[in-house]
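Scrolling down, you'll hit the structures one after another.
Paired with chain B in one complex and with chain C in the other, chain A is shared by the two complexes that follow.
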Partner chain A sequence: MFYAPDTAPIDLPTFKSTISLPYTLTPGKAAGTFLAEMPNRRIVASRFADGSVIAPAQDFSPKDGEEPVELVQAPETGELTGFTRVDGVVLGLVKLDGCRNAFVHRILADMADVKVGQRVAAQWSASDEGTSILAIEGFVIAADAPVGEVKPLVGPAEPLGVINYGMALHYDHAYGPYYGRMFDELKENGVVMGVRGSNADEALLPPREIDDITHKRTGTWKACADTGTIRACSLINMEVYGQTRPVPYAYAEIVLDGASTKMIHIIEIDDLEVAKQQIKPGTRVRAVWTKGERKGAVSDIERFEVIEG
Partner chain B sequence: MGREVGIVGVGQTHHARRRTDVSQAGLVREAVDRALADANLSMEDIDTIVIATGPVLFAAVNQPEKWVVDAIGAQGKSVVRLTSGGGAGFAGALAGYYQVAGGYSERTLVVAYDKLSEGQLQYSISTLYDPFWGREFAVGIMGFSAAYWRARMDVLGHTEEAAAMVAAKNRNNAIKNPYAHQKKQVTVEDVLNSKALCWPIKLLDVPPISDGAAAIVLASDKVAHHSTTRPAWIRGMAYCCEADNAPERSLMLSEPLAIASRQVYRAAGITNPRRQFDVVEVQEPYSCFELNYYESLGLCPPGQAAELIASGATQVDGDIPVNPSGGCMGANPIGAVGVIRLIEAATQVMGRNETHQIKDAKTALVQSGGGWANLRGCAVLSA
Partner chain C sequence: MGFSQVAVLASAQTELRPAWRDAQHIDLISSVVTNVFKGTGLSIDDVDFVIDSGSDVLDGRSISNCGFLGALGAHHKEEARVEEDGLWGALYGVNKIRSRSSSIGLIVAYSKPSESNIDLYWSAMVEPFYQRPVGFGQKAALGIQAQRYLAAHGIKDDALAEIVARRWADAAVGGKVAMGEAPDAAAVLAGTEAAWPLTDLMISRPLDGAVAVLIGSEDVARRTGRPPVFITGMGTSMETHALAERTANKLDSVANATRMALGKAGWSSGAEADVVELSGSSVVGELMALEGMGIAAEGHGADVATSDKVNRSGGALPADPIMATGLIRLAEAAKKLSAPVAAGASAPSKAIVHGTGGVAMQTNCVFTLEV
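== the complex of A and B ==
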């Protein structure tokens, strides 16, 4: 139990999955003002009660959590406190003159010319005039740059309330031997296979090594029918982000004949009122297989349909 | 058994559909300031902190506790972050309870939040589904919840009318809640006639989507009196789970909640929940869940939830008021809701609930849950 023989390959094809989401993030007052001031080519910082200045501006002191006394304009010059190179780009920690902290930005120089302690100056982007920290193209080495001063922020812009943001996360999931065989059988033979529970003839779907209830090893493989009974269902009439088909349709948790656990799938519907009568717990359904070559995925079954009569 | 633990200070934000004036961390700060002020304490008095939120995908900030620590002045403190889906806030409170009961802390701050306006709620929840086996058909938690409500209709008689009565009760209770943002008088007919979203779930069976945070201060019996003369003592608290896709899982009664309530009632000396509780606060992400909890918590026998709501017993003026605060129907910042329910019940037994103080309330029941309906818990509070 819980191991594979040494002879088993460990580098197998994976199941690729992407989670992709749009966001509307709220930066808060200080960071929102910093971003709103980027098109005005001003670097906004926070001054706290103890006199320390933090850039970019923050709503709360990293020292004691207190809110800033005021927002101020930081100078565009400072000192490099550390650096590295990522994908050919030099990234440095820049401590602006008069500020207590260092923050990460691009260093527009060859790695060989960069040293800790060097004077640097902001270079504004010629192309990016938006409300992003990348309106600063990066920092150039400026050995003779005079030490800048923190100044009052005159006529600050309204803080940005919302930032549009997107995130796409790509995953390679390992099938493991149980899911691997189930999807192989689906692809090669068009059969949904589960494994018997530790002391039952009905198959667990999806198949697994250990019976959830008895915590004993599951039994032998078993082909389930492509017909089954609805255990639970709802009629989807709402559009949500990420949906793969038009509404309305039925979401159904179906127990295939020969199995004891559910498979989640959909049933096409034309009319909500008719579907309320036709699609219920206990309704018998059959799989409608996807035409063409099977991929070895649940989507090889296109949908389920009600068995009439 | 551990030491006695009381809730000695509470604070929640005025919840909103969208707060663009504060960041996630700023939202947390508001609730923490209110809870500390309520407990007559400052951050220096706090030994340990639990930060609870829903899934990271709700708002795209991983390890948000790093950000939150700066915002609440918790540098150098013992901080644990905890997530447990919709039950995150309750699970966070349980973790804090263990710390104080176990003698590892005299005062623990539990803060829970979600800023749901920032992300894609239902799609984020769909990622809870097995990526191989069902995620492509997922409709967040709503498709699933509606499907098992449909099944309970046939077996337990949880009709659309019964759930509509729950929705109307809670929505109307929320009108007086100063922290709620969904405040509109509705009738049972309004709920029944509202648009089907995931039938049987209809628009007015569904709580709003909210930005909000909530915090409580837990204290040992040794130091509780520094904050209040009347703490809400935690007499029992448990959070249980069940297997996700096991053959025995019926989803008729909530089995993990039934197990949790048995444990908690034994600890708290509850033998007749219907008679012994003065007030109940449950986390009802959809109206149908409240019916399910009546039965799983033993407020009525299985199959009699529809009768219980129809009898009026769970209304504010009934013998067992459920969600006088309006529950999730007034505001639903998911990760925070477990703590909000604890706050609403705690202030009842402290005699200072701001929405509908139940007269002479001494003993309160709180329910919360998360995951696929597979994580459920409850707590008993008394003065």
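== the complex of A and C ==
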């Protein structure tokens, strides 16, 4: 049991994975207008019924959820109310003149010159940052900058509708002792290994330390055959995001001979009508191994094929 | 004593390590779920429901608990996921038992931040139009919070370093945290800058690990072999997402959560606790939490931070398995209360426990425990 093993290797190989998600973000009217006004070098803020103003513009008050009554133009000057430095970049809370709140932006100064209460002024980027807030490159120290005023926003730009956005998250997953051996056996010996359930001879695939159903320790290792029986399947004839091969194909849950759990894999299809007759629960299948050197991955089995007759 | 229907029966945790490279999530989870029953006379078959806390973003898969059900012992049981620290999972579980719909619950929390990029995890939590592009994230938020707090109260970073060193020394004694030599105050100050004025060691250290806590009704608790530790009060509260709009230099949400918990427990102050287990995302966050819980006056958290009743487990600074940190605080506090009394010695009888989540401790949860 992994309670406190003697060794703690940290240099084991990991399974690398990336989740890349495309988004179309909706900024709404206030943020959409703020961003649309970035190329025009105007800072858009929200004014509430009580006269208070927050910048950058929001469609709601972060304090009480109130809706603003109008969008206004904030001045480019203000003062610093807090700061830090991360990875060499100074970030500060900037409270623009006439506004009740502060927001985070880059402070283009050395830490030695930065202090709370310092007057600052926006510095617009020399490069084209489009509708990003980085059109404001940051705020520079401006000790003598006169106090600016909030003004009406004359002829506001159309708010941005949606913003295409992407986020990629990278992972190094540990294999653990059970998946580790399963993939090693696949690679070295071309054998699919499971472990026996806590009270059965049939193997669980993938193998694991604790039987899911009984929550008792699983049994000994067992090699499963590379033949099996389809227990559930679906013929895929529609293209969707994330597919790894052209349609049509069958997605099948296959119980390998010697195992008790279903393994998910692919069966190739030449003819949909034939496939409908042939690929169904109870159909016997065999693994078609990927040619060339095995990698120790599920893809070492290229696909399954129906055993004729 | 406040509501006394629910008790902590037992807990189990894995060692907390920078990287559990030789174990998957399910290995860590099944380990604690198996171990938590030892000595209780109970088994997984007695458990009415399982509540688990983890982060899909950290795990790298959506609704990741679905893949972990077997390891959780949740096969064909009522199971629910709380995407927040496990202390909120415990809150959910306690309320289920208080409603008398169940009598025994298993609360599990786990984390493997070593498998992903922790800065991206925090970055994903901030606003995408205004905050993410300028590089704002957890470190920057904690840095700004610390800068303002230190300036407001005239506290120097060497005072912070002493507290951090004490936490590491205590964690080393506890033996549940994988570490080399515990850093002294000078090493804390000499560390790399994480977010000025905070060095790396002044920010909580993300680690891999899992914890399981078994809770039960009073009836069950009286029949298990250990002195029951009752959960007598609970409270939660959340700050606004906008860092600059929060009250400067204090955590109102900790104070609110504490007020809720104390109201139920019938305590007049968090300072009544003999044991304080809290989760600071930074050393300054710890001080603000101590002040919010009423254990120190505003600006005086540092005066009590190294007292013998505060975070003797080491707290979150040397070991922050994100999503499990608060539940570990509950487990640690309950163990201190349930330990047999040495002859003639006075034993602690009250504990206050704190968990947190979000950027710069946006959301907070407080429990009171009593024996």
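Note that the second predicted complex is superposed on the first by the 300 of 309 C-alpha atoms of A that agree within 3 Å, B and C clash if a C-alpha of one lies under 4 Å from a C-alpha of the other, contacts with A are read in each partner's own complex, and residues count from 1 in each chain.
Keep this in mind: contacts are C-beta pairs under 8 Å (C-beta built on N, C-alpha and C of every residue); 3 or more make two chains touch, one makes a residue touch a chain.
Everything numeric in this text was worked out from a predicted model, so none of it was measured.
In the superposition on chain A, A:D172 makes contact with chain C only, while chain B stays out of contact range.
In the superposition on chain A, A:I213 contacts both chain B and chain C. In the superposition on chain A, contact of A:A252 is made with chain B only, not with chain C.
In the overlay built on the shared chain, the residue A:Q277 is in contact with neither chain B nor chain C.
By the touch criterion defined above, A:S132 reaches chain C but does not reach chain B. Using the contact criterion defined above for the overlaid structures, shared-chain residue A:F83 touches chain C, although it does not reach chain B.
Of the two partner chains, neither chain B nor chain C is touched by A:N164.
Contact with chain C, but none with chain B, is seen for A:R106 once the two complexes are overlaid on the shared chain.
17, 19, 25, 27, 31, 62-63, 165, 167, 171, 173, 175, 179, 212-213 are the residues of chain A that lie in the contact sets of both chain B and chain C, per the superposition on chain A. Of all residues in chain A, those touching chain C in their complex are 1-5, 8-12, 14, 17, 19, 25, 27, 31, 34-35, 56, 62-63, 81-87, 89, 91-93, 95, 101-106, 111, 116, 132-134, 163, 165, 167, 169-180, 208-213, 215. Residue ranges on chain B touching chain A, taken from their complex, read 19-26, 29, 43, 57, 59-60, 70-75, 115, 117-120, 122-124, 126-127, 129-140, 142-151, 154, 195-201, 243, 245-248, 251.
Looking at the complex, you find that chain C touches chain A at residues 14-15, 17-24, 26-28, 30-31, 33-35, 44, 57, 60, 69-71, 73, 75, 112, 114-117, 120, 124, 128-131, 133-137, 139-140, 143-144, 146-148, 151, 178, 193-198, 240-245, 248.
By the touch criterion stated above, chain A contacts chain B in their complex at residues 15, 17, 19, 21-29, 31, 58-66, 161-162, 165, 167, 171, 173, 175, 179, 183, 197, 200, 202, 204, 206, 212-213, 231-238, 240-244, 251-253, 260-266, 272, 276, 280-282, 297-299.
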